[in-house]
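This report refers to the structure that appears directly beneath it.
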Amino acid sequence: MLTAKLIGSVWSTRKAEQMLGLKLMIVEIIGGRNAGECMTVVDTIGAGTGDRVIVTTGSSARRMLGDDNIPVDAVIVGIIDEDCELPTCGE
Amino acid sequence: MLTAKLIGSVWSTRKAEQMLGLKLMIVEIIGGRNAGECMTVVDTIGAGTGDRVIVTTGSSARRMLGDDNIPVDAVIVGIIDEDCELPTCGE
Amino acid sequence: MLTAKLIGSVWSTRKAEQMLGLKLMIVEIIGGRNAGECMTVVDTIGAGTGDRVIVTTGSSARRMLGDDNIPVDAVIVGIIDEDCELPTCGE
Amino acid sequence: MLTAKLIGSVWSTRKAEQMLGLKLMIVEIIGGRNAGECMTVVDTIGAGTGDRVIVTTGSSARRMLGDDNIPVDAVIVGIIDEDCELPTCGE
Amino acid sequence: MLTAKLIGSVWSTRKAEQMLGLKLMIVEIIGGRNAGECMTVVDTIGAGTGDRVIVTTGSSARRMLGDDNIPVDAVIVGIIDEDCELPTCGE
């Protein structure tokens, strides 16, 4: 999984039927050499802009949605506790 | 998923039988450290050159096509609304 | 998918039983920031050295082979038409 | 798989129901050109901070958990023996 | 798939039960822009240190092992013939 920071939303009116009602957010990877990479993810647990989150990618992402037919490859699976100090990585 | 800009088409007369009739497009990733990476994707929702789109990759991409036997690993799952200002990433 | 140029063959006498008879080729990614990356792919549609091809990776690659038990993660799914001018990417 | 060093924990109170009770750790890749990349992984074999571990990613990671419905894409599958000198890579 | 050079072994006494008896090796990618990346792979065909090999990753790697429940994401699927001159890539 990746640790990332939620930085905003994406709006898409014309999208896959199976994705209607899903909230799409933009996250930026934090920590390590990949910091600064950007992804679009689905949020089903109510994360907000500024939150640090854990993102699962690939086929495992569909496991979060309870429907294997949704064409989604990245979801938020957890919100990192506010008082959690992440270990420094890649230094 | 990835946010990308649709920049053109690819023509392939000799291709997998299961892909006959599928429209193949080239997109360029926008936002974050991966900006400028290039992918070939399938479009089934009528995106046009210049549109900003959301791309799903891997096994999840096949979920967009309603046929798990098509050898495709990247599809457009949504068109980003024209008035959507994407959050700045990787800065 | 990726656009790539077919640059040669790989010979492997000792290989997985399920891969006997499969033609293994080396391709080099063209276009965008990943240009110059190198992959080994299976060709089942008769591409030749110098051809530009479309490559599918991951579990979707097995869909090209009609047998889900072959340990292969990259296949050529199309040959790009000779007169197709690919849009310039990553500039 | 990847060789990595376990550098700490991540705490997430609000997370996927299927992940309740799973221990989430941060690892940093060691060896080769990807050294310094950071990942969040699940540990089920009792690795500790400072241990060098082997990490499996993607759908294969779920095979470690005995439940294909857990939205996890990276798990520790082994602890590298303390007296194992890893071959130098990427030089 | 990737072409890589086998550079040594990894020893892990505490590992996934399903991986008992599997030989874990370190390979270094050769050719192209990813040369120098390092991976841990399973060998079932008797490759030796110094051999150039073909590596399959992801879910396809499990197809090499005849057991879909093994948490492994990279296996050697072939040994490149000694007299095979690989085409130069990424130049």
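We just call them A, B, C, D and E in the order they show up, numbering each chain from 1.
As a convention for this text, contacts are C-beta pairs under 8 Å (C-beta built on N, C-alpha and C of every residue); 3 or more make two chains touch, one makes a residue touch a chain.
Since we're looking at a predicted model, the values are computed, not measured.
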{"item": "Whole-Å gap between the CA centroids of subunit B and subunit D", "value": "31"}
{"item": "Centre distance in Å when subunit A and subunit B are each reduced to the mean of their C-alpha atoms", "value": "19"}
{"item": "For subunit B, residues contacting two or more additional chains", "value": "34, 58-59, 61-62"}
{"item": "Chain contact topology (line, ring, star, complete or other)", "value": "ring"}
{"item": "Starting from subunit A, with subunit D taken as the next chain, the full ring order", "value": "A, D, E, C, B"}
{"item": "Of all residues in subunit D, those that touch subunit E in their complex", "value": "1-3, 31-34, 45-46, 54, 56-64, 75, 77-81, 83-84, 86-91"}
{"item": "Footprint of subunit E on subunit C - complex, ascending", "value": "7-16, 18-19, 24, 26, 28, 34, 36-41, 58-59, 61-62, 68-74"}
